[in-house]
Structures are given as structure tokens and as C-alpha cells.
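Have a look at these structures, which come just after this line.
Each of the two complexes below includes chain A, the first together with chain B, the second together with chain C.
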Partner chain A sequence: MGLNRFEYIEASSIPEASRFLADRPEEARIYAGGTSLLLLMKQRIARPAYLVNIKKIPGLRYIDKNDGTVRIGALTTHHDLEFSPLIRRWLPVISELEPEVANIRVRSTGTIGGNLGFAEPLTDLPPVLIAMDARIKVADESLERLLPLEHLFRGYYETSLRPQELITEIQVDLPAPFFGIKYLRFSMGSDKPLVGCAVGIRIDPESKLCVDARCVLGCVGPTPLRVREAEEALKGLPYRVNSSAKAARIAATACSPLTDLRATEEYKRAIVEVLMRRAVEEAFRRASSKLQG
Partner chain B sequence: MQDNVGQSIKRLESESKVSGELKYLSDLKLPGMLHCKALRSPYAHARIVRIDSQRAAKFSGVEGVLTRDDMVDNPHFDSHYGPVLKDQTVVALDKVRYVGDLVAAVAATRLDIAEEALDLIEVEYEELGAVFSFEEALAENAPLLHEQVSKPEHGFVDLADVNPVEGTNICTTFHLSKGDLEKGFQNSDFVFENVFTCPSAQHAALETLCAVARLERNGGLTIWSTVQNPFVIRDQIAELFHLPVSKVRVIALNIGGGYGSKLYPKLEPLVAALAWKTRKPVGLTLTREEVFQTITKHAAEIHLKTGVTREGRLLARQCRIYLDTGAYAEIGPRVAKKSGYTAAGPYNIPNIQIDSCLVYTNKVPAGAFRGFGVSQSAWAHESEMDLIARALQMDPLELRQKNLLEEGGEFATGEHVHSFGLRQCVERVASALQWGEKCPPPPQKHLARGKGMACLIKATITPSISSALVRLNEDGSATVYVGTADVGQGSDTIMAQIVSQELAIPVTHVQVVHSDTDLCLYDLTTSSSRSTFHMGRAVQLAAQDIRRQLACLAGRLWNCPVEEVLFANQGVRCVVNDVVHAASYRNLLSASFGIKGANLVGKGTVKTEAVQRNGEPLTSAFWFAGAGAAEVEVDRETGSVRVVRYASAADVGKAINPFFCEQQLKGGAITGIGLALMEQLVYQDGLLINPNFLDYNLARFLDIPEEIIPILVERAHEEGPYGAKGVGETALIPVAPAIANAIEDAVGVRVTDLPITPEKVLRALQEKEQKAQLLEGPTPGRS
Partner chain C sequence: MTRKKIILSVNGVRNEIEVEAKETLLETLRNRLDLTGAKLGCDQQVCGSCTVLMNDLPVSSCSVLAMDADGCEILTVEGLGAGGALHPIQQAFIEHGAFQCAYCTPGLILAVKYLLSRFPRPTEPQLRHYLAGNICRCGCHVEILQAVRSLARRAQENQL
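Take a look at the complex of A and B:
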């Protein structure tokens, strides 16, 4: 089926876009790269009367670092992230995962703002960014607010954003020393992941014990899932096969995957367990490798 | 010369493809052309109680709506068509038979108008019981899809003997037997019985289906279509519209991939009927989702029973094959027959019985698919070969070597195969992967590696016919007219290389005019990997016809014997009494005819027969032999499988363009990996729930093995041009069983139902472990 008829608006500033969205809360949708939105429209799941193109808004596509924080403009594409030297230097876990995201066409037009704002469960960036305690900057016509990325996601395709709000920036603080992070993604024959698992581990350089942990799952529930119980199971301990296996089992129980075309619930839980175990091991290894230099 | 036979020159149209200049059919915009959109059935099986299109017809911008009302008692065209059985209708008459079946169509000045107008067509359905599985379809008292089916008056010769089984959902059957099956089993030391299944799948050609029709002033029809066999479409449309074939012109431009999906009528009857109704050109381009609802690959269930001796000699094999052809026969009967011939595999087995049953179900019709039913049967027989080898504790290569059909051997059909380099294919893929050497274990303990192989035999459609014309122009360049459609395989280039070879002119001076039924002579089809063998040979004969004419002209001009005339550098040469005469074609033509503008026309025809000179049946003009071997890495904890290396060998007879042949082998390997590991159409109550490339998984670049090793075996065929046979389908067929066999080698589990998803592998691994634990019994200390 073709797209429904819609009116296409090009916003030239954030306030302008926000005003337009505020006036037509039910009918207007932000249009960034369009990679996700147009698919929904093609299937007639979404039939917006207005598309507000925000790509012409200047100054929303950048990757900077200052004061120990990496700032990524909402219009930054997957491709930008994949090839940015700054990302490679400071947040290499993202350069590592990007080549596996979607396909080359989606990566060259899909934006990070759209990736997060869409709140689709089958994505890679949210779990990784949450494992790094990322924040997002959200703006409307006159105000800006910062919120932890974790608080953005409400449910399947549902965010805590108000209709007139846009994501303008993603902020990630530089990892603490002795922090290691690993993201593992399982997919099969599809551009989208089946299960994603991000684990961040900070160790004490003296004792080599884990002092902080992040265990975040993607694709196995309505929103990215931080498994705090698994994090607790790792804290205060050095890397051990037993404790990582325990955290993995906790994660496999905590998530709520659905049986779908691609795999059964049972299988997805099994994959969560395997990925978590492997990610914990690698995150520990990365955290300790910083001990040597 | 650099660019003739045996040289890997690039495709003539490569640059225009890369630059985007090359036009595909959806680029065609005729003046006044209307856009068509089809209304499709939401039910798997339903009676149409009422259909009212008046509101849609009055909608502004709509120029015509086609419903069953246009079909009933229309003296201008028939309602029924179909290549083998006339079970299809232009739009639904009394019933719809699958979700997606054509109910009506709108032609409008704009596509969005046509689409909107669909909502205004009122249809009242009465749902009927539907059948989705073999069991349901074959059950007693099952609801019937077709109450009665007729055959076309002038059908295909090779299918004259196939008939629907009235009062059932059995579309057609096929039977073949040789020797004494029961005796064979009695003499066997072991008998193996297994069931293998493969799901329906998509061709996934990049270009979707598209057709444009224009009614001509003389009452004829011109149809542009993405079609691999334009002459079959011409015949079907001529019959449907009661026209002589001279009044129907079917044109296929360059096609963006076919793989079997673009054969036989698909959209042509519909756009032609709308063009007739509106008196304006009508075009229809399907969306991807609609292609999924138009044509698929046959799902299959294959029961094999094999008797072997202790030493590994195959004595008897019984194959019972069920093929799901969906709601319409399409070319299914030929799929059942052709794959039936080879269902017991490329082996020397004295006692064989094969029964294929083609079944109607309320699902998307299935048709030709690269491999034409043989990938399904090879999945079964090649998986079973390894199961047997394992049980006999024999190397799977050795088991195959012991039983392979050899040059001159007698096949299941009773004929003796020749030009059949199967042994080389099998042995060369094995050595390419260092068969016999264990794979080095990967560093991570959860990974395991293994190797597996598979081989195949496939027939080409026989009897068949192809004719070609070659025109030598006044300047010595040549124009070739072939019915063959260039679907990306490079047929234009191959034909040009052959003319270049025969006439000693550069490929750049050869123009290929293709797949236009008004300009070209009859060609049965671009499928069955037949074009190089048949059309290539016809082009060679046509070019040789021109050589003969040139030799006569030169002979007359110089007074020399025609057999002494030589051809080089776009000209002729002859030495008469130590005097060298030479002339370019251009000069020879103008000197001979005394005027500029004389052309020569050469004609060539290749016709194959169903019986050989020695009286043996000829089920295939040539036999394809091929083999594949895979090295895989299996993750024991997730069940995921990665193909690390793949070797593919095919006996191509003679590689006219080795690079093209290698591309076929590599492309077949990649497609095969997708079909082996991930592809499958999923239905829920008759509704196809993954009709797009987000939900339907295809192999992606990341799934391509690090190394694909193409191996060309060249065992010349005396009737092929320079010995060439076909290569298009060979490579796809052995991939899935080779991978399944490699998986068992790696981790000791066997999956018999395609696709081999990680979940199936993991489950099999878990079951194997549970079994092992049970065998070990309770561990001491625990009770």
C-alpha cells in the first residue's frame, strides 16, 4: 500500500517545529530520517496528517566532547556515529556495534534522535547508552530539560515525551577509569536484533572487585530493561564464572520476551542468558585491561 | 580477439546499470497511461456473494474497474487461463482461493486515486472451509479449491500426460519406477526411512513484477512485462483474447532478477483486460508485499526409504513427495514432474520408485523457483546420504563415490547419461575444503566446526525449441535477435560473444535485440538454465549460416572454393594461386551487391526431442551435475550457524564466460545459505504474516562466507555451443543439505526441516544432551 496523504512541513528551528507539533498534537509527527516512520506509514499503522521535517534545522548534527561529556546532536546519523573518530576514541563500544545496526541505507539516513524517539523495542543503541548512564536533552518551544535516557521509555513505541517536545541532544559522560563495557547482539537473517545485552562493569583497581555494574537488555520487553538484581549479583565480587552465570540467569528470568515469528520466548531467554554471561566476562576483561595501561 | 568465447568480459550493459541509465519497466511512461491497483481477497477461501463497483467507477479519476461482471459472457475475451491447467481467472469469478487472490482492479489517472477507489468496491463474501496443510488438503471430504479444471487446447508437449485428479485437491501426480523395489529392500542389509520438509519461500528478485498493456488501433495488444518467457505470455494472451499471435506483441526489457518468479502469466491478463476496457494504456507495478502474495516456491514434504548393503551400495530407494502448489497450478505440474525424475539423486540405484503429488491449498500459488523442485528433493536425498554414511560409519564422500552416477551410467529414467562430470564436481569440492582433514577447533570452547557436502542432478526442459536470427549489417556489424530475456544473468553478452567468435567481429559491434515477440523468433523460455545451450547454439548456427553466405560471396568474387575462405578481423580472406584476396565484410557486401545497404540474415534453430536416436527416452537434453561443500561453525550455546567456507562445483560443459559462470556459483551459494538457514514464508490461518523484507529473512552481506570457492568443471556436451551446458540453477541446489551435513559433522545433531534456525539447532543439542544423560544413568551419590 502507498502512504496516506499528508502535508509536509519543513521546520527551520526547534521552536517552530515544537509550535507546530503543539498545535496538532494528534495529527503531526516529527520526520527525521524517516526510516522507521515511513515503514509504519506504508503499512498504514501510522497515518499522520502532517510530517514535520526537522532535518533542515541547523545545528542538530554534531558529535562534540567537552568537560568530560560527549554530546551528540539528535540529527546525527548511524553512519556518523560509525565513522566518528571522536566516538571511536571515547565511546568505542558504539563504533563497535554500529556496523551491525540495520543496513547501510538505514544507517546513512536514520538518526539517533529517531532511534530513541521512536521507542521501538528492537534497537541497539538504547541498552548501550543506558548502560553508560546517558542523558537526553529535550526541548519544546521555550524550555529545555535533561532527563536520564532510562526515563524516556514507557512502553512499546511509547515515550515520556510530550507531543510538543523534541530530543535535541544525547549526552554521555566519559567512562570512569576502570570501567569496561560490552554490548552483544544476537540476530539472525534480519537487520534488527533479536536480543541485545549491554553490560558495564567498574572495578576497584586495587581489589579488582566490581564496584558498580550495569546490565541492560534490549528487545526482550516493551522497553530496554535494566536488570538491577543482576547488577547486584555482580557487585562486590571479582569476575567469577559462577557469579556471571548467576547474573545471567537472573536476567533471563527478569525479561519478558514474546514468542514471535523469529523465535520463541523460551529461546530468547536462553539467548539472554548466554549473551549476559559472555558480556559480563568481556566487560570485566575490558575493565581490568585498563589496569595495565 | 580479446572478447569472444572463453573470455571473462564484463556485461555489455554493466555501465548503464551502475550509472542508473538502464531503464527498467517501471520507468516506462506511455502517454495517457493509467495506473492500476488490484483489490485482493482478505479471505483464504470464500464465495463472492455480491460485488458492486459502481461507486468506485464513478470516483473522479477512475477510468475503469474490472470485476467478474466484465468476464461473464464477454465475446472479446475468456475468463480462464493458465499455462498447464486453465484454473486461473483474470479476476475472481465465483470464489476467492487465497488471501491476496485478485478480486477486482481499478485503472485510474493516478495511482493514489486507484488505491483510494479500491475502498469503494463493495464485496460481500461467504467464507468457506479452507485447507492449508497437506493433511487438510488430502483429507476425505476436504473442501475443494477447484471443482473442475480444464486443460488448454494447445498445451506444453512435455505435460500432455498430466491431469488433475477430479474430486480431490490433488492437482497432478507423477510416477516413475525402475527395477523391483521390494526385492531391492529385501536384499538390503539396512533400510533407512526419513521425512524431510522444506517451507515455501520467496524469489526476492530486486525488481518487483510489472506489466503495461496497450490496445492497438488494429485491435491487437502490446504488452510490456517483466517476464522471462515472453512467447508463452504471447500465446496465453492470444488465446485469452481470441487473437492471432501476430496481433499480440510481448516485450521484456532488461529484467531486475527473476529466479523463476517472472515466468508465466502474472499481471498480463489483468492489465490487458483493463486496457481493453478503458481503451487506454494501463500499467501495474506490484509492491513488494504484493509480490509475496503472487508467487512463491513450493513447500515440500519428502518421505525417503533407502535400502543399502553393509558395504554401502544403494540397492533401492522409494521417494514419496508432496508439493504444495497453493491455490493455482501455475507451472506446478512441471515442477512435480521435473523434480520427480531426479528425486532419488544422482546415484546408480537399480530399484527406484518415485511418486510425487502436487497439492492445491488455500495459499499463495507456487511456481518455478531456481532449482525447479530439485532443491527440495536434493534436501532430502543428500541429507539422507549422510545419515546413511553415519550409520554405516563410512565417510560421506566415500559413500557417494561408491554410488555416483557415472558417465554412460543408466539413470532412473532408463536413459544413459553422457557429458556428466559429477565425479569431478564431488571430488573437487571435497579437495577444495581439504576433506578428510579435521577442522582445527576454534579457540572459544562454545564453537565447533564441521564439514559437509552434497551433490545433485537436474534436468532441463525437454523437448523445447529456440530460434535465433543474426543480421550482418552493411558495415560489417551484426545484430542478433533472441527471444531470451536478460534477467541479469548476462545472456545478451553471451550471445554477443558467440557471434563475435563465429564472425570475427568485436563484441562492441554486436547489438543484441532481445525478448520482443514481434522482432525475435520463437523461444520457449528463459528458465531451466537452458538459454546458453539452446539459444546460444541457435545463435551459433545463425552466425554460421552467415559465414556460409559470406563464403559464397567471396567464392564468387574471387573464384575460390568456399571452404578455403577464412574469417578474421571483420572480413574474409582467401589465398588463390598464391594471391591473397582480402576484404572487409563491408567491402565484400557492397562489391557483391553493387550497392551499399545489402544485409545478410542467418537463422538458427535448436529443437530437442523426447526420444533419442537409439530409441531411449530423453527426459533432458543435457543433465546438470554439481556439488557443494560447506565448512560451518556452530555456536553450541545459541545454536547459530555461520558458513565459514563454501566450495561450489558445476559441470558447465564449456565456460563461454568463466566469470559469469562463477557469479552464478557464488550467487547460488549465497541464496542457498539464506534458504538453508533463515528463509520461510509463515502463514497464520492462511494469512501470510511476513510479506516483507523486515519480517522475511534473507541472507545479508554479513552472512556471506569469508570464502566462496567456485569450481568450473568442463565436460563438453556435443550439442551445446562449444560444448556449453547450463549453470544457473546448479549451484543453489546442494547448499542446504551440505550445510545440514556440516552441522552434524560439527556438533552431532541433525535438522530435517528447513530452515535450520538457531533455535532448532539449540533444541536438537539440548535433546541430544538429555539423551546422553539418560544413557549415563543417575550419577553416583545422587538418588
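Take a look at the complex of A and C:
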């Protein structure tokens, strides 16, 4: 079918890109990999008059660690994350999930900033990053600000960013000691995930009780969903089959999946319940495994 | 309409081409450079029949803007082999009957090339995982896997 016509702008800096976006807030879209955007353009769902390619902006593709924080440049690709020794060492949950993202061709071109900024609901990184309390650095022509990633997502393909703002960096603090995290996804083959479920558990090393928890669902609503009631159900308790089952039931009720080509609403709720239960168990196991040695 | 002259190195040959913004890399390769190995399939990065290597990484050329490939090194199936001889991956596909209609084959061969460049002796899960994104509708996946295993075995023997 091919693409509709559009104008193509290559920005050489963030301020330049931001200025262009500010002048044409309705007509311009950021191109940062294009894996999702070009697809919507082919389907005539998105019809931008201008694509602002930010991939030629230097200095936005890096993975660093300093002062207990991992910083990931917005133009870092899924492939970069998949094979980064630094990610494998410090944020292994991301190394675990990246090979499951779409296919190798999408991972070669798709960027983390594009993934988050596009706010596509059927995607893996947001629940995991939210479960680690990730922040994003957002810039416009003159200012920079930090935003908890959780506050980015507003709805299907909708973020809280202003039209002239761009994501420039993703920051994840190194996990606290005795923190365990597990991400589980359910999909058919190498398709988009149908359900994603990230659970982070921090335990007290003496009592082995859960002192903090994050339960975040992906793909079962317009935005990633932090299920605070499920988190509360785990706090103050040691790992127990019935407390993880309770958190799982809460999550299955709290989410709002839609029946679509992939599965029915009921089916997705059932999957949420199973994944949440298993992820809680594994996150606890990982948190406690740090007790020995 | 934005038009721009880009420099595309394809199979080691430098091309200067003026392209439109909406032109995909696949369209440039097929319609301007007459390299018809890469095929249009699903047009949405699922099937893999348009796979080419861009700076040594597999991409769906149906979903890369030609302008975005400016300055990149592209390898298509036409660039494999040397002096009329087939590339070992192509030879292995023939020996194992790893195609029927062959529409998916150029893409698969490049997917295999990437796989073996990163994992010369891939494990069975790696092999299946990295090729899962290239779909053969004739259903030759069993033979394709056999072909790749034979290449991995050969890599191992050469190492020993």
C-alpha cells in the first residue's frame, strides 16, 4: 500500500526538533525508529504531515551507570539493551525480556525512547520500568525536567508530554538490596504481548517480610496499570501461596482488558491472574536468594 | 515534497540516489536498483520476507525510510557469494531443500547470516528464537532448521 506523502525533517539537536514540533503541534510527529509509527501511517491511522527524524541527533544513544543510577539514552535500541553487558549486570530483568520483544528486525531499529513516547499499549518495557520506579528526562527547547515514568502514560497512544517535549533519557536506580523483580508475558509466537505482568518485591533481610511491592500490568488497559491494592495485599507478609493468590485475584479484577482478535476479556483476566501469581512467587524467590551470599 | 540525495552503499557498491520522503528502503532497492531479492510480504515487520542487513543488523526494509538509511551499508541476498559461487548458507538451503516457492528465502538467508555472525554455534533455542520472525508459508521450517544446524556443525568442526 505504501506511505502517504509527508515532509521529512532531520533535526540535528533537541532544541531544533523541539522548535519544529512547537510550531506544528498537530501536524508533526517524532520519528525515532519508526517501527510503530510507520505501521500506523501505512494503515492510514496516523497521517502526519511532517516526520521529525531525531535519530541523527548525536549523543542520545548510550547506556551508562554512575552514582547508583543506570542512564539509558532515548535512542538506545532494543538490540543495544538485549546485548549490553552493563544491563545484564545491573538490570538483568531487562536482558531477560528484550529477546522476547517482537523480532530481531524490530529490535534492531526500535528505540526505548520511541517505545515509551509512542505509548503503544501492547508493549513490554513500560510495566517493568515502572516496577523499578524508572524516571524519564524530558526536554524542550530550553528546559529539562524529570518525570516518573508512571506519570507519562495517559491513554491509548497518549502521553502527558507537551507537543514540543521529547524524551531524552531513561533513568533507573539500581535495585535496593533484597529486591527481586520478575516480568512474565503471554503471547502467541513472536506476536505482541497479550498480557504483561511485572512484580517487584523488597524484603526485610531479618524478618523476610515484604516491605515494599510493585505490581504492574501491561496490555490490559489503555495504559500500564499499577495495581496498588495488590501491592498492599503483599506488604508486611512473608511469601505465602494464599497472599500471592489474593494479589493475583485483585489484579485480575482491577485491569480492563478488551476482547480483540487475540483473546477475550475473560481469557485475558484469567491469564493476568496466573501470571501475577507466578511473578509474585518468583520475585519473592529472587529477593530472598540475595540473603545467602 | 521532500526530496533528498542519499548515499546508499549496497553490496559494496556506492549509489547516489535522489529519493522521496515516503520511499521505503525496499522500494529503493527493488524499483531503482533492480535488486529484487528482498520481497514485499506483510508490510508490517512480521513476515521477514523483506529482510536485509543494514550496518550488519537485520531490518525490515519495508519499514525503513530510504532517507533514514542514508550513509548506511546495506547487504541484500544479491551481495552474498563471490565469483559466481553460492554462499555457504545458500548452498545449505539447497542441500536441505529449505524452500518451495522461495519467496521468503532471501530474507531468511540474511536472517541466518546475522544469526551465525552473532552466534556461530547457536543453541537450539537461539536458532529457533532468532528465526521465529521469518515466516515460510510453504512450511519449510523443519528443513530450514536442518540447513542452519548443518552450518553450525560445520562451524564447530572448523573450530576443532
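Just so it is clear, the second predicted complex is superposed on the first by the 291 of 293 C-alpha atoms of A that agree within 3 Å, B and C clash if a C-alpha of one lies under 4 Å from a C-alpha of the other, contacts with A are read in each partner's own complex, and residues count from 1 in each chain.
The criterion applied here is as follows: contacts are C-beta pairs under 8 Å (C-beta built on N, C-alpha and C of every residue); 3 or more make two chains touch, one makes a residue touch a chain.
Because the structure is predicted, anything quoted here is derived from the model rather than measured.
Look at chain A after the overlay: chain B and chain C clash there. Looking at the shared chain after the overlay, A:Arg5 reaches both chain B and chain C. Using the contact criterion defined above for the overlaid structures, shared-chain residue A:Gly34 touches chain C, although it does not reach chain B. Touch criterion met: A:Lys55 reaches chain C, while chain B stays clear of it. In the superposition on chain A, A:Asn103 makes contact with both chain B and chain C.
By the touch criterion defined above, A:Leu261 lies against chain B but remains apart from chain C after alignment on the C-alpha atoms of chain A.
Judged by the touch definition given at the top, the superposed model places A:His79 against chain C, while chain B stays out of reach.
Counting residues of chain A touched by each partner, chain B versus chain C, the larger count belongs to C. In the superposed model, A:Lys290 lies in contact with neither chain B nor chain C. After superposing the two complexes on chain A, the stretch of chain C that clashes with chain B is 92-100, out of 20-28, 56-64, 92-100 or 110-118. Comparing which residues of chain A touch chain B with which touch chain C, the overlap comprises 1-2, 5, 39, 103, 189-190. Residue ranges on chain A touching chain B, taken from their complex, read 1-2, 5, 39, 100, 103, 186, 188-192, 261-264, 267, 270-271, 274. Per the touch definition, chain A reaches chain C in the complex via residues 1-10, 31, 34-35, 38-39, 42, 51, 53, 55, 79, 99, 102-106, 108-109, 189-190.
Per the touch definition, chain C reaches chain A in the complex via residues 1-2, 4, 20-22, 24, 27, 43-46, 48, 51, 54, 57-60, 63-65, 67-68, 111, 114, 129-130, 132-134.
Contacts from chain B toward chain A in the complex involve residues 111-112, 115, 287, 289, 637-638, 640, 674, 677-679, 682, 689-690, 694-695, 697-700, 702-703, 757-759, 762.
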